[in-house]
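Next up, some structures in structure tokens.
After this come two complexes, each holding chain A, first together with chain B and then together with chain C.
Right, the complex of A and B next:
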């Protein structure tokens, strides 16, 4: 029953898509309010149908309707209700339906909020957006249908991967998708603006909100993923340069660059073509991200569903969209006003260009690092691994000038600024940063080649961004985001330099000395939970003054049978105590890994600050 | 297949060493962070608790005890398991673009910007 409802509503949604696509060319030249009214009702029907199908799928998961194949392969009656619901998008089919849902709701919001813009621009955006929606509908209906019926109906499902049964991961995909899908609106509207010859101030002003919204969701989505990896994968790290992580970082770089460019376009009517190119690229990266993750090409711990035939479909779809956009770009490029106003090298405009240059560089490092091994294997059958050392070697040296530019850039004036103005106050801060870095690194006894300049640059940025709060000229949201970024870099650096870890094999009752602390394995107990058995250890970490207890777990899930390690983390403002243990084959011994991670919590706080700046910018403008 | 046999041999060797002994040295951590756990899905040897990873860590420790330096250990591992095991691809004919392409893009973009803005 639910399967039928889901299927039929998706077909109706597809029909609406086709109707809109067919009608739009004839509607383009009419400036009739009734016309857009008809389109609007079609879009509303479409959204409603997709919402219905999504709700049908959620209900199927809640009531464990095993006549549905997606429910059967990804759920189990013993699973807690919360994870039954989040299991809806914890699998390939459901997550695509979520993509589609967000896609159609965003289009509806776009249609409502763009009423005062030109008819041609709106219809064209709708057209492109509907092409994407139709593509996704076809993809879902014919390769990844979440409403496949099973007969005879099984009594029990096979369960959701326990590693995904986690609160942070439950909301991570929807948030990330909001970011990804937001870029589709940017893509469609930039093409529409290009064709209708309205790549200008008004467009920039309108699309800025969409750029911000996508950027905020993407940032928070990446944050949630990192937090999840930090405590659930039990590695103690938060970023592994894993292909699937990289895939979410790439559109982030692009969006960050685009946002800065859009600001210039809005204020100074410059960089029109570049803004369009970035819009197209951002969406292409989001789509390729979905393709790479879904196709199973990537060798990654995060890849939880894959099937080559689906990959081929997305690849073709992606190819068509990119070709189409490149074609449109070159065909209509001459419509873009190309009034490159005279700009001097010391100016805010140049600063934004430099920001874009660095963003594109970081993007290219991550992009090439992620896809190069795939191509090399296909072309030459030469298998290589690209991991953290590669990214660090290429990114860190460029981070140093980037941070310094970021400190100086935002304080420059438009068009032309004096060079000597930069030097006075900032020189003082720079000298101060050198002194602080030097003392800090000496006191902790670090003498790596890159440490000193890197610390100087990040402390410099940190000081400048704090100082900027006293300057009235720039806006508050920018100050918060930039300050958040400097805090982020600094926390990551301090965390990286000062983190301490200890790993050993211990049995109950063992005691180990580590630095000035004693780690005691006090006890071990077994308890039963709804859908897993847990082995809970109790460790006491004590030094002269105080002691804390950490209780990591090893969980044995039965549906499907999986063992997961749950780290126990005690966070304070200064540092995290992180402890995780694993079962070893030797009787009675457990592998114990204890880590002290200074300023860990500040990494999360700083990313929240960065995003908060964006939120403030939207609220302030509309409030 | 080769890998499987090697893993088996190494795993057999483990039984001679007592796993219950002590902490991994910092050096082992540092090296194992740069190695891919070949039987895992995108995890480093350092992060993994699989049998393969555990035996690798012992192997690295042994090599260190033998007095081998980092480079010799990486070379040894590369000759045994192929270049796929290291996360830090060396620069050679097939990988030169991987390292250089981003740098070329940066220089190219820099020149573009420099030509657009006026210096005076």
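Right, the complex of A and C next:
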């Protein structure tokens, strides 16, 4: 029953997509309110249908309707209700339906909020967006339908991978998808603006909100994924340069560059073509991100559900979209009115340009590191992976000038500024940061070649961003985001330099010495929970003055049979104590890993600050 | 001679050109140094010469091969054709079990012995490295 409802509503949605695509070319040159009214009702019907199908799928998961194949392969009656619901998008089919849902809802919001813009621009945006929606509908209906019926109906499902049964990971995909899908609106509208010859201030002002919204959701989505990886995977890190992580970082770089460019476009009518190119790139990266994660092409440590045959469809679709947009770009690019105004080298415009260049560099490094293994495997069948040192080696040296530019850039004026603006005050801060970094590195006893300039640059940026709060000229949201970023870099650095790790195999009652601390494996107890059995260990970590108890768990799930470790983390403002243990074999040994992670909490806080700046910017403008 | 403007533009283009070359050079040098090859035990048996670079070995953990003491975990990786002894000290992931897929990253001592620095396992309980899948198919 639910399967039929879901299927039919998806077909109706496809039908309205086709209707809109067919009708829109004829409507382009008419300026008729009724016309847009008809399109509007079609879009509403479409969104409604997709919402209905999504609700149908959620209900199927809640009532464990095993006549549905997606429910059967990804759910189980004993699963807690919360994870039954989030299981809806924890699998390939459901996650694509979620993509589609967000696509159509965003389009609806776009249609409602763009009423005062030109008819041609709106209809064209709708057209491109509907092409994307139709593509996704076809993909869902013919290669990954979440409403496939099973007969005979099984009594019990096979369960959801327990590692996914986690609150952070439950909301991670929807948030990330909001970011990804937001870029589709940017893509469609930039192409529409290109064709209708309206890549200008008004467009920049309108699209800026969409850029911000996608950027905020993408940032928070990445944050949630990192937090999850930190406590659930038991490695104690927050970023592993894994291909699956990289594909979410690439659109982030692009969006950040785009946002800065859009600001210039809005204020100074410059960089028109560049903004369009960035919009197209951002969306292509988001789409290929979904494609790479879902297709199983990436040799990643965390690939979940995947099926290579599906990848071909997305790849073709992506190829068509990119080719289409490149053609449109070259045909209509001369329509851009380039009212070139003289700008000097020392100006805010240049600062943004420099920001963009760095972003593009970081993006290329991550792109090459992610794609190179795929390339090599196709060419000569070698299986390789590109490790973190590759990224560190290439990104870290460029981070130093980037941070210094970031400290100076935002304080420059539009159009023209004087070089001697880099004045005494900044020089003073610079000397101060040299002293601080020197004392810091000396006191912790580290003398790496790269550490000193890196610390100087990041402390300099940190001091300048704090000082900027006292300057009235720039807006508050920018200050918060930039301060958040400097805090982020600084915390990551301190964390990287001062983190300590110890691992050992221990039996109950064993004691180990690590630094000036004693780690004691005090006890182990077993208890039953709803759908798993838990082994809870009790470790006592003590030094001269105080002691803490850490209670990590090992959970044994029966559906499907899997073991997961739950790390126990005690966070303070200065550092995290992280302990995770693992069953090795039945002869009494447990694999124990203890880590001290300084400033961990500040990494999370700083990313929240970065996103908060964005939120503030939207609220302030509309409120 | 050329005007100041042309000269400035030429310098600009040249500097972009050279920095691009520099970046490409850096990227490829870094790639060369930091690429980790993925091999199966059989491929390692057939190596013509041993590399001193870090490699990854994928396969299944052989049944009854895990041997634990205070500081080390020793086990055997197999692709059901050839085997490789792994010596490791450090932490192991959740899904590290006998009869399950595993990826060990480390340095080869000889064609039968690997000193691992990292053990990886996939999150997916049904995961099996593609090479092992093929080897299993052949042996059946």
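By our rule, the second predicted complex is superposed on the first by the 621 of 623 C-alpha atoms of A that agree within 3 Å, B and C clash if a C-alpha of one lies under 4 Å from a C-alpha of the other, contacts with A are read in each partner's own complex, and residues count from 1 in each chain.
Criterion: a contact is a pair of C-beta atoms (placed from the backbone, for glycine too) under 8 Å apart; a residue touches a chain by one contact, two chains touch by 3 or more.
Since the model is a prediction, treat every value here as computed from it, not as a measurement.
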Item checked: Superposed partners chain B and chain C on chain A - clash or fit -> clash
Notebook entry, point to check: Thinking of the overlay built on chain A, is A:344 touched by chain B (first), by chain C (second), by both, or by neither?
Noted result: first
Next item on the list: Determine, under the contact definition given at the top, whether A:332 touches first (chain B), second (chain C), both, or neither.
Entry: neither
Margin query: By the touch definition at the top of the document, which applies to A:360: first (chain B), second (chain C), both, or neither?
Written below: first
Next item on the list: Could you say whether A:504 touches chain B, chain C, both of them, or neither, answering first, second, both or neither?
Entry: both
Note to self: After superposing on the shared chain, does chain C or chain B touch more chain A residues?
What the structure shows: B
Check: Is A:561 touching the first partner chain B, the second partner chain C, both, or neither of them?
Finding: second
Note to self: Quick check for you: in the superposed arrangement, does A:372 touch first (chain B), second (chain C), both or neither?
What the structure shows: both
Note to self: Quick check on the superposed pair: does A:163 touch chain B, chain C, both, or neither? Answer first, second, both or neither.
What the structure shows: second
Next item on the list: Scan A:237 for contacts with chain B and chain C and give back first, second, both or neither.
Entry: first
Next item on the list: Applying the touch criterion given at the start, work out whether A:40 contacts chain B, chain C, both or neither, answering first, second, both or neither.
Entry: neither
Margin query: Need the overlap of the two footprints on chain A, from chain B and from chain C, as residue ranges.
Written below: 233, 299, 301-303, 361, 364-365, 368-369, 372, 382-387, 389-390, 393-394, 503-505, 565, 582, 584-585, 589, 591
Note to self: Show me the residue ranges of chain C that touch chain A in the complex, using the header's touch definition.
What the structure shows: 23, 26-27, 30-31, 33-39, 54, 56, 66, 68-73, 89-97, 120, 122-125
Note to self: Show me the residue ranges of chain A that touch chain C in the complex, using the header's touch definition.
What the structure shows: 161, 163, 233-234, 299, 301-304, 361, 364-365, 368-369, 372, 382-387, 389-390, 393-394, 503-506, 560-565, 580, 582, 584-585, 587, 589, 591-593
Checklist line | Residue ranges of chain A touching chain B (in the complex, touch as defined) | finding: 233, 235, 237, 240, 242-243, 298-303, 340, 342-345, 347, 349-350, 353-354, 357, 360-361, 364-365, 368-369, 372, 376, 380, 382-390, 393-394, 398, 501-505, 507, 512, 565, 582, 584-586, 589, 591
Notebook entry, point to check: In the complex formed with chain A, which residues of chain B make contact?
Noted result: 19-24, 29, 33-34, 36, 40-44, 47, 49, 51, 82-89, 94-95, 97-99, 101-103, 105-106, 109-110, 113, 116-120
